[in-house]
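Handing you a structure now.
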Amino acid sequence: MIEVEDLQIYFRQKKQKLFSFNTEYLKAVDHVSFTIKRGETFGLVGESGSGKSTVGKGILRYYNLTGGNITFDGTEIGYQKEKELLPIRKKMQSIFQDPYASLDPSHTVKDIICEPMEIHKLYDKSERKERACELLEMVGMNKNDILRYPHEFSGGQRQRISIARALSINPQFILCDEPISALDVSLQAQIVHLLEGLQDKLGLTYLFISHQLQMVQQICDNIGVMFLGNLVELSDADDLYKNPLHPYTKMLLSSMLEADPGVRCLEDDIPEYKVMTRVKQGCKFSNRCPYANSRCKEEVPKLKEVAKGHYVACFQYEG
Amino acid sequence: MRDNIMKNLKLGFKEDKLAVIGVIIILILTVTSAFAFLYPVDANAISVTSRLAKPSLIHPFGTDDMGRDYLARCLYGGRASLLVGFLSMILSTMIGVIVGSISGYMGGKIDAILMRFVDALMSLPTFLIMVVMNAYLKPGIKNVIIIIGLLTWMSIARIVRGETMSLKEREYVVYSRISGQSRLKIILQHILPNIMPTIIVTATINIASAILMESALSFFGLGIRPPTASWGSMLNNAQGYMIKAPYLAIFPGVLILLTVISFNYLGEALRKIFEHK
Amino acid sequence: MNHLLSVKDLEVSFYKESKEIRAVKGVNFHIEEGEIYGIVGESGSGKSVATKSILRLGPDNCKIKNGEILFEGDNILEKNNRELRKIRGNEISIIFQDSLTSLNPVYTIGDKLVELIRRNQKISKSDAKKRAIELLDIVGIADSKSHLKSYPHELSGGMRQRVMIAMAISSNPKIIIADEPTTALDVTIQKQILYLLKDLQKKLHTSIILITHDLGVVAQMCSRIAVMCAGYIVEEGTTEDIFYHPSHPYTKALIASVPKAGRTLERFIEKTITEEENENLCPFFSRCSYAIEKCRLALPDNYLENDKHSVRCYVRGEKLGE
C-alpha cells in the first residue's frame, strides 16, 4: 500500500561559522526503504534522534523530500504539489504523541473533529455534527462532550478525541506517532485496544512509531529499527524479538526491563559511547558497536535480506 | 477556554486594584469625551471679555487666551486624543498581525525580506519621519492617525512573528497541515486565536504610546491644527501663559498622564492575567 | 522497631481557589537501611507528593495536614528551617526527572558540584574540586576533569542524569529519593543509569526511594514495593509478592496491562469516570470488577497477607483469579 524508496530528508543546519559557503545538512533520514502492506501495522522503533518520526511525517509530506520517493496506493506522492495531494490526504490521517499539544486549545471538540471533514468538504453542517457525535461514541466517549474544550479532558480522553478526528474522513492509513508514550500504563492498554479494535472493524493500516519496544512487539506485524537516520533492521515482529541480528537491535532489546523480578535484566551494563558527535563516514553505529572493524568505519552497510523477510544492514551478515 | 479567560479576568482584576482604577479612568474619559456635545458650551466660541479667566463655577476649568471655555476644550481634546489612540492602534495592530503572522508562518525568504523591512523601518527615527510626513500631508486628525499607525506596527509584527513561529510547530498545526488545510485557514483558525491574548496586551500598551505621540506632534504644532482642540495642541498653546495661567498646562497635562498611565496599567494587568493561565 | 525512615499517617492536601484537593490520604511506609524501596503509581496517584513531603519540598499551596515523618527517630515535620536544610542534601538527597531544568544553566557542572561539596563539608576549594572529579569518575563520566567546565546544556540527557546522581551522592546521604529518574531517557540510557544507581547503592549502602510509573523498572530495581492509587497505598510487599502474588485488584490490573511477549494485552478495566467519586471509599471501587456490597460502604483497612505484604482490600488474595 505504501512504498518508501530510498527516502532522504535532510535539514539545513545553522551555519557554524560566520562565512561558510557549503551549507551543512543534518541527515535526519538517510536512504530508508520499506513497504507497508494493506491492513497491517508497521512499527518503527528507535531512540530519540533516530529519525523515525521524520519518516512518518515525511510520508504524510509534512517535510519536503531531499531524495527518494513515496508511493501511496500506486500513486507517487513524493514530489506532488499541495493541490494535487489533497485527494491523497483524504486517505491518510495521523495521531500524535502529546495529547496536550495535538488539540487546539481554543477549539471545541466539535470544531476539532469536524476540521478534516471541512477541509475535504464532506457532508453538510448538521451531518458533520451528527458524525462527530457518532465518532465520539465509537471511541468510547460521551456525545454530550461535544461542546467542551480540550483542557477539560484527561490525557487518555484527549487521545480518544484525536482518534475520533482521524477517523472522521474514513482514511485508509493512519500514522500513529508515539500515540501512547505520554499516557499511564492502564490508559496505554486501553488506547491500544481501541486502535486494534478499529483496525479490525474498519480495515485500517497503521504506521506505529514508538520507542516502547514491548508495546510495538505486541501490536505490530512488521517492524523496522532505526538508528540515526538509517534503517538498520527490518523484519516481522516475532523474528525480530526472537532472533535480532543487528548489534544495535540486540542492544535495544537487552535494555528492555521485564516487569518480572525473576528475570534479571540489570546484571550487565551497556558501554557508554565515548564520542558525542555523529559518525561522518561508515556505519553510524560503528563508534558504539562492539564488533566494529575497519570496514565499518569506512563503508555504509546496505540493507540486505539474510533470511526470508528479515533484512539487516550490517557487514557481519554479508557473504 | 473562553469561560476560563473571563474567570481569570475577574480574578486578576480583583487582585490588581490599580488596573481597576485604570479601567474606570479610561471609561470615564471615553464616555465624557464621546458625549462632549451634551456640555452646553461651544469649545470654539471666542470671548474677548473673559480671557484667561481662573476656574470658576461658570468655567470649571477656566478659559484660555481667547476666552474659550477650557473644560469644553479638554472634552473635545480628549475626543481627538482618544480617537487617534484607538484608531491608530487598530491600524498598526492590523498591519502588525498580518505582516507578523505571514512572516512567522511562511518562514524562509519571505520571512527574511519582511523582517529586514521591519528592521529598516525600526531603525528610522520615527518622530523625525512624522514631522517630515506631516509637512507634506494636509494636517488633520485623519492623517495623524495614518501616520502614527504606519510607523508603530513593527513591534507588534515582531511579537506576532515570534509567537507564530513557536505555535506553528505545535502538533495541532502540524496535524492541520498534513490534513491538507490551507495556510490562510491555519493562520486564521489555529494561530491567531491562540495568540490573541498577546495581541490584546500589546495593543493596549500601543494605545498609550499613540496618544503620547499625538500629543507630542500636536505640541509641536504638527498634528491637529487649531481651532480643533487636542490635549497636545492645548499644551502647546499653554506655553506662553505658564506663569499667568498655569492651569492651562496642568489640565491637559494631567489628562494625558492619567490616560497613558491607565492604559499601561491595564496592559500590564492583562499581561499578568494571560500569563497566569 | 527502628527504621531508618518511617512515614506515618501522612496526609497532604493542595489548596486551589479555596478548594481542597487531597493528594495523599493517610500513607504509611518505612525504609530500611540499604534497601531500594519502590513506589509505583500512575500520574496523579500522589506518589511524588508523598515523597517530596519527606523533605517538605511541596509547592506553596500544598500543606502537610497530618502525620509524622521519622528520620532516625526525629520527626522531620517538627524541625525548623535550619535543621531541615541540614537534612536536605546532606542526609537525604533527591534526583529529579528533568535534569535540564533542575540544573542551573548559567553554572558549570564543576561550579555546582564544588559549591555543593563545600556547603556540606568544610574543605578548601581545591580539595572540593578533587572530590568533584572523584564523584564524576564514580558516576562513570569519562574525562571527568574537562567536564567540570561543561555547562548542563552541553551534555546529553544521560550525562546530565549522571551529574545529578553525582550531586546526590556528594554528601554520602543515607537516603536518595529518585523521582522518575529515567522517564525522560532513551531505553539504552535508562538501563545505564539504573545499572549505575543499583551499583552505587550496593557500594555506598545508601537507601533509595525510587518513584516511577514503570513496572519494569521497579521489578528490576527494588526489594520492596508500594503501589499507590489516588492518594492511598493500596498494596505493599516484597517485589516477589507484588509481582507473583498480587492481591489488590488494582495491582493485578496494572501488572496485566504491561505488554509482554507471547501474551495478549489484557484490557484494563475500563470505566470513564462520570460521577464524582466518593473520596472516602476504595479509590479503585468504581473500576473494580470484584467489588462487593461492603466496598460501597467504607474504605477497607489494611490486611496482612504475610508479615511483609499488606493490602487495602476486602476481596483480597489469590481467590480473585477464580
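Labels A, B and C are assigned to the chains in the order they are written; within every chain, residues are numbered from 1.
Quick note on the criterion: a residue touches a chain if its C-beta (ideal position, glycine included) is under 8 Å from a C-beta of that chain, and two chains touch if they have at least 3 such contacts.
For each chain, UniProt lists the protein as follows: A = ABC transporter ATP-binding protein; B = Peptide ABC transporter permease; C = Peptide ABC transporter ATP-binding protein.
Model, not experiment: these values are computed from the prediction.
*Asks:* Using C-alpha centres only, name the chain that sits farthest from chain C.
*Replies:* Most distant chain from chain C: B.
*Asks:* Given the contact rule stated at the top, which pair of chains has the most C-beta pairs in contact?
*Replies:* A-C
*Asks:* So the centre of each chain is just the mean of its C-alpha atoms; given that, what is the distance between chain A and chain B in Å?
*Replies:* About 49 Å separates the centre of chain A from that of chain B.
*Asks:* Calculate how many whole Å lie between the centre of chain A and the centre of chain C, each centre taken as the average of the chain's C-alpha atoms.
*Replies:* Here chain A and chain C have centroids separated by 32 Å.
*Asks:* Would you kindly tell me how far, in whole Å, the mean C-alpha position of chain C lies from that of chain B?
*Replies:* Chain B and chain C have C-alpha centres separated by 54 Å.
*Asks:* So in the complex, which bits of chain C are touching chain A?
*Replies:* Touch residues, chain C against chain A: 42-43, 140, 142, 156, 158, 186-192, 194-196, 198, 213-217, 219-221, 239-240, 243-244, 253-255, 257-261, 265-268, 270, 272, 274.
*Asks:* In the complex of these two chains, what residues of chain B are touching chain A?
*Replies:* Touching chain A: residues 1, 4, 170-172, 174-181, 189-190, 193-194 of chain B.
*Asks:* Tell me, which parts of chain A touch chain B in their complex?
*Replies:* 57, 60-62, 82, 85-86, 89-90, 92-94, 96-98, 101-107, 115-116, 119-120, 149, 151, 165
*Asks:* Inside the complex, what are the residues of chain A that reach chain C?
*Replies:* Residues 47-48, 140-142, 155, 157, 184-190, 192-193, 211-215, 217-219, 241, 251-252, 254-262, 264-266, 268-270, 272, 274, 276.
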